[in-house]
Amino acid sequence: MEWLGPEEWQAVRLSLRVSLWATLFGLPPALLAAYALARWRFPGKWLLNGLVHLPLILPPVVTGYLLLLTFGTRGPVGSVLQEIGVVFAFRWTGAALAAGIMAFPLLVRAMRLSLEAVDPKLEQAAATLGASRVWVFLTVTLPLILPGIIAGSVLGFAKAMGEFGATITFVSNIPGQTQTLPSAIYAFLQVPGGESAALRLVAVSVAVAMSALLLSEWLARRAQRRVAGT
Amino acid sequence: MTLSVTIQHRFAGFDLDARFEAPAGITALFGRSGSGKTTIVNAVAGLLRPNAGRVAAEDHVLFDTARGVWLPPHRRRVGYIFQEGRLFPHLSVRQNLRYGTWFSAQRPRPAEEKRVIEMLGIGALLERRPGALSGGEKQRVAIGRALLSAPRMILADEPLAALDEARKSEILPYFERLRDEASIPILFVSHSAAEVARLATTVVALEAGRVTRQGPAAEVLADPAVTPLGARAAGAVLSCRVTRHHDDGLTELDAGGTPLFIPRLGAAPGTPVRVRIAAHDVILSRQRPEGLSALNIISGRVQEIRSGDGPGTLVSLETPAGRLLARITRRSAEALVLAPGVACHAVMKTVAVAPEDIGGLGGPTGQGLL
Amino acid sequence: AASLKTALEDIAADYEARTGDEITISFAGSSALARQIQQGAPADIFISANEAWMDELETDGLLEPGTRSDLLRNSIVLIAHGTEAEPVEISDALDLPALLGDGRLAMALVDAVPAGIYGKAALESLGLWPQVAPRVAQADNVRAALALVSTGEAPLGIVYATDAAADKAVSVIGTFPEDSHAPIIYPAARLSGRDGVAAADFLSHLHGDEARAVFEAQGFVMAAPAGTGS
Amino acid sequence: MTLSVTIQHRFAGFDLDARFEAPAGITALFGRSGSGKTTIVNAVAGLLRPNAGRVAAEDHVLFDTARGVWLPPHRRRVGYIFQEGRLFPHLSVRQNLRYGTWFSAQRPRPAEEKRVIEMLGIGALLERRPGALSGGEKQRVAIGRALLSAPRMILADEPLAALDEARKSEILPYFERLRDEASIPILFVSHSAAEVARLATTVVALEAGRVTRQGPAAEVLADPAVTPLGARAAGAVLSCRVTRHHDDGLTELDAGGTPLFIPRLGAAPGTPVRVRIAAHDVILSRQRPEGLSALNIISGRVQEIRSGDGPGTLVSLETPAGRLLARITRRSAEALVLAPGVACHAVMKTVAVAPEDIGGLGGPTGQGLL
Amino acid sequence: MEWLGPEEWQAVRLSLRVSLWATLFGLPPALLAAYALARWRFPGKWLLNGLVHLPLILPPVVTGYLLLLTFGTRGPVGSVLQEIGVVFAFRWTGAALAAGIMAFPLLVRAMRLSLEAVDPKLEQAAATLGASRVWVFLTVTLPLILPGIIAGSVLGFAKAMGEFGATITFVSNIPGQTQTLPSAIYAFLQVPGGESAALRLVAVSVAVAMSALLLSEWLARRAQRRVAGT
């Protein structure tokens, strides 16, 4: 394409990668959190619930700052992780972490809603047929909450595609490394005459997210149809 | 293997306090709607944690609140046929049927699967999802799913309520086979006296959460005082043996020396069978009646006459074939001058022995009797 | 500072073509960049739009001693919506409230963002601040303040001269006297603990004539090459 | 009011093509599991849009695909008793029961409500939510909800399958009253021949999506060729009139001149009642039998003898009381030398006329016959 | 409280007000959109779906900018609304609008998930009992999706509490009018040494959102219990 420079393409690719990873890696812990919140009773439940929602409540800048303090090369977690070769600071992995954390509440809530809609009678039936808790989850609960997982993933992916405040605060805005689409858009908006370039990137961003959306709708409809019969 | 059950549980407005023994064979839980049958079954399956109680199959304790034992449902391996189907909507019928084998150490047995699928008439539905099944089809798949899970115990909560007579008479023999071949205990909830009479080894009658009567089927069903059964459920179960098959489609049984004719049975001569004879199907006569279309006449002696405040009277006869019950009107009893010790003849039609009233291997082959 | 994006990119491209060295530029708000440097960002040169953040890093000992210099100067102007607004003379006699009518005066955050801080200081020194303080609409950065005027949402605004020059929808109706606020200086410095040869070369290039041409084309004024200190 | 139904619909692997008329009274849809009963009922209710068809109650067209008419379900005002309950989980039992009156112009009638609640035995459950009900209780609430919605038509899909005999015999009279008093059409899906025989004015037999037989209940049920009913469903319905009530708990009926004794009925002398006599409950005799406990003997003449390939034979008798069916063994038929035109006597026990086999106002008062 | 200045208290109150209104006013259109997406088939469905997700995909600044262009006093919608006395520009109503739009996708998705979990058989049953579509919705669907509505509201409220980028771009930051908690926090974070003040506000923000969270959980549990029986 002519109308996107190489650096902009880089931002597109990076944004895609960051959002995909953020969503994929966010899914398992989000599922766990959703399950815990929907099904278990434990003392610190309200705290977990609060923590999950935190990235939504806090201004993204704060989240980014907290990430920087925690996962930065000098942060308590970041420095430990660095020992084992995992570096977030100023890498695209950090952008994925930030995006994942920002998307987390959305993932969790969608899955939790779906989990709460699963008829426990079906899970009971599975148990009487010899399925242990884990198997019940894998063979009954999980397929039944598929629409919720898809919905959550789409929300999360969209959020990750749009995430900016936490990302730029945490891993800065380095072209090819941490410059995601929103960061690039931001940078263009900061200089005189950058609007049209920003607009182009916005269009790309919207197109990518819309494709993901359509794909997810299609997947969800398939999952739905399978359950409804025929 | 005997299952002993003691369960106490309180719901707001309902109090269950049941204790009974379910010996090998089929134990029918019999009681009106809301009497606590499903609650008991749920507790046995581990889906409901009762306030107190103990359920054990011999020394295999499923739970014992006193000792704090609670086996999770998936380790109880009950084949539970739910009152409301509970099929997995995201799985095909075939996957539903096989679900229980996924977690079982035993290899699935294709022959058994084929047999069950045929018996239930669901061969054409295997690739469908439950959402596209009719009510009766769902129930049949639910039965198949439970049966194929290689259970150590079967809990059947009104499994046949949604089925037509023809289908029922195809499925009943299967339960009989389970009862007679496998030695697993079967708890069978049913409203149908005929079903219970045919299948049950033991009957537990429930009323408002209490066991009002329990014991061998023949005994309990012969007791008109068992309220939930209603008067129409009274009947006697005769233990017979197949003598021979006649060319005109009848099977001759030997009931303690007296011949008994019933529609053709798919059992070899010598096979023991149970025949339930409902009290209201028996006609009494002082002289031996002649020239009647009814083929079965058993002679005996009146043992007891019980009258309630209705127009009926329950006469129990001592016969060589065993105890027989006849429900006749008080008017007839008076007209015949019946009294304990009096000799009389019991007349029963051949065909009054309905297919579902005949137990034993196989069941009748003649589906349509005509 | 994000506002230097266009200029720095041009200079860097030119420099790369000439030397073959690769230059990576991360554009974000001065505060975000400063905090990232505090947390160990692998940066060689820091250019801030704000002396305060440079001071902060200097106190933390994160600057390579002796490399701090003032790179650019800027000025703040009063802008009005539309192309044919009447110029005014900015002095203590200026009747800003009258000019505003019932509209608002768009500025960057007056206590947080450099352009806002300078603007507020200027208005204070002119004695205009008390009259307009309740009428100020503060944007999170100077570009957003410009957008408010550009769309006509606010009739007047205070922004950098560099931003105002590029926007066709606003007209500069007055420039704040240099002595009405602290000098608007973009300091630059090398960061300590890094291999400094290439960085030193690029930093001196920034002060050089080629760079000057680019900066001035964007409306910046080169600061007198000076020593350390603010 | 006659409901005429023509429906064509295709599911993958199932093809429905049904056309029948449901005159005032109860029309029983009778057929094996999966034969298309629920599909028809859903189309009438407007829940399924069939590929083609027309349903109209007189000139009130519910839908007509040819003319593009489609009345939405809520404007059809059918009282639909679903096969699976479908209670509103967020509403109490009382709210569920009243749900239909919220949208009805008619005022709710408290007396009617009270009567239905009593009949269904759900008075104690009114404040509960459906989640805390037993299977049978749910079904009863579902029946009540449909009945109380002041419907113009009732669609009952196996409404009584989950209920015990005693409860059934309390509810059946209510349907009879609806049939006889209100002139609304009732489509009644059932597997029970006795239920159908007792209630149905018209019977529509379905097989694999086609109507195989339809017509007045007495006719269809007397036809052993109606496969889905099975041989045991054969029977005749006699139209009688109450003569008098005897002190010993019996009610004497007049069946075309012949007296017929049945358990006490709560109907005044002169009231017409329908009595179903199952073919397998009738014994035939060439001489008039004496000294039997059976009180009812109707004399007649053999009209037709039909034999299938089973051991049974269906004999229809022409009697003053109407056509009577007897199913006896071929062996007996031969022994009695029965042939068309031969005079013979039909013997029926009083109590063999089961409560649910007696139709008419009120129903029997003597619940327990003992 | 001593540790919050009057202006900060104002920000707290304003944030609460903005978030509440954003959630409350967002609910009905979100419900409508969720219903349309879950139940209807219409030509522009994918477009509606995309539009709903847009605020999530776009960087907040862009959303704010678009809002400014549309709902500003000179914007096509804003100028019409102004005629009838509805003004968003520089008002807390504008902040509520921005927060509402940012929260919209979250509201919609939660409700849609719940709607898709409602058993259509129950709605059919209601229809046979004489309930028209609207009544079916009010008496059956709505009560059954209550958990989803609650979940959506919480997400939306939390998001509104944390929303910053779109708000400040659209209505800027006017103490007492449009300075929400996140704006105040952002302002503090822009200056060196502002962290502790920012932290105080973060704590308040978290406390408020957590209370809302706990309240919602309690409500949802009640709704759940009613359906489950007893």
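Chains here go by letter, A, B, C, D and E, matching the order in which they are written, and residues are numbered from 1 within each.
In this section, a contact is a pair of C-beta atoms (placed from the backbone, for glycine too) under 8 Å apart; a residue touches a chain by one contact, two chains touch by 3 or more.
Here's who's who by UniProt: A, E = Molybdenum transport system permease; B, D = Molybdenum ABC transporter ATP-binding protein.
Worth saying up front: this structure is predicted, and the values here are computed from it rather than measured.
Asker: Quick check on the contact graph: shortest path length from subunit A to subunit D, in steps?
Answerer: Step count on the best path from subunit A to subunit D: 2.
Asker: Chains touching subunit C and subunit D alike, please list them.
Answerer: E
Asker: Comparing centres built from CA atoms, which chain ends up most distant from subunit B?
Answerer: Relative to subunit B, the chain whose C-alpha centre sits farthest away is C.
Asker: If I average the CA coordinates per chain, which chain comes out farthest from subunit A?
Answerer: When every chain centre is compared against subunit A, the largest gap points to D.
Asker: Which integer distance in Å separates the CA centroid of subunit D from that of subunit E?
Answerer: Chain centroid spacing, subunit D to subunit E, equals 56 Å.
Asker: Just how far, in Å, is the C-alpha centre of subunit C from the one of subunit A?
Answerer: 35
Asker: Taking the mean of the CA coordinates per chain, how far is subunit B from subunit C in Å?
Answerer: 91
Asker: For subunit D, jot down the residues that touch at least 2 other chains.
Answerer: 12, 84, 128, 132
Asker: Where in subunit E do residues touch two or more other chains at once?
Answerer: In subunit E, the residues touching two or more other chains are 61, 65, 164-165, 186, 189, 230.
Asker: Taking all chains into account, which pairs touch?
Answerer: The complete list of chain pairs in contact reads A-B, A-C, A-E, B-D, C-E, D-E.
Asker: Can you list the residues on subunit E that touch subunit D in the complex?
Answerer: 121-122, 124-133, 135-136, 139-140, 143-144, 226-230
Asker: Where on subunit E is subunit C touching in the complex?
Answerer: Subunit E residues touching subunit C: 61, 64-65, 68-69, 72-75, 89-90, 164-165, 168-169, 171-174, 178, 183, 186-194.
Asker: So in the complex, the part of subunit D that touches subunit B is made up of which residues?
Answerer: Listed in rising order, the residues are 11-13, 31-34, 37-39, 83-84, 124, 128, 132, 134-137, 139-140, 157-158, 161-167, 191, 193, 224, 227-228, 230-234, 246, 248-250, 261, 263-264, 280-281, 283-287, 289, 291-295, 306-314, 326-333, 335-336, 347, 349-352, 354-355, 366-370.
Asker: Subunit A touches which residues of subunit C in the complex?
Answerer: 2-3, 5-6, 24-28, 32-33, 35-36, 39-42, 141, 143, 162-163, 165-167, 218
Asker: Mind listing the subunit E positions that touch subunit A in their complex?
Answerer: Against subunit A, subunit E makes touches at 46, 49-50, 53-62, 65, 105-106, 109-110, 112-114, 116-117, 147-148, 151, 154-155, 158-159, 161-162, 164-165, 181-182, 185-186, 189, 198, 202, 205-206, 209-210, 213-214, 217, 224.
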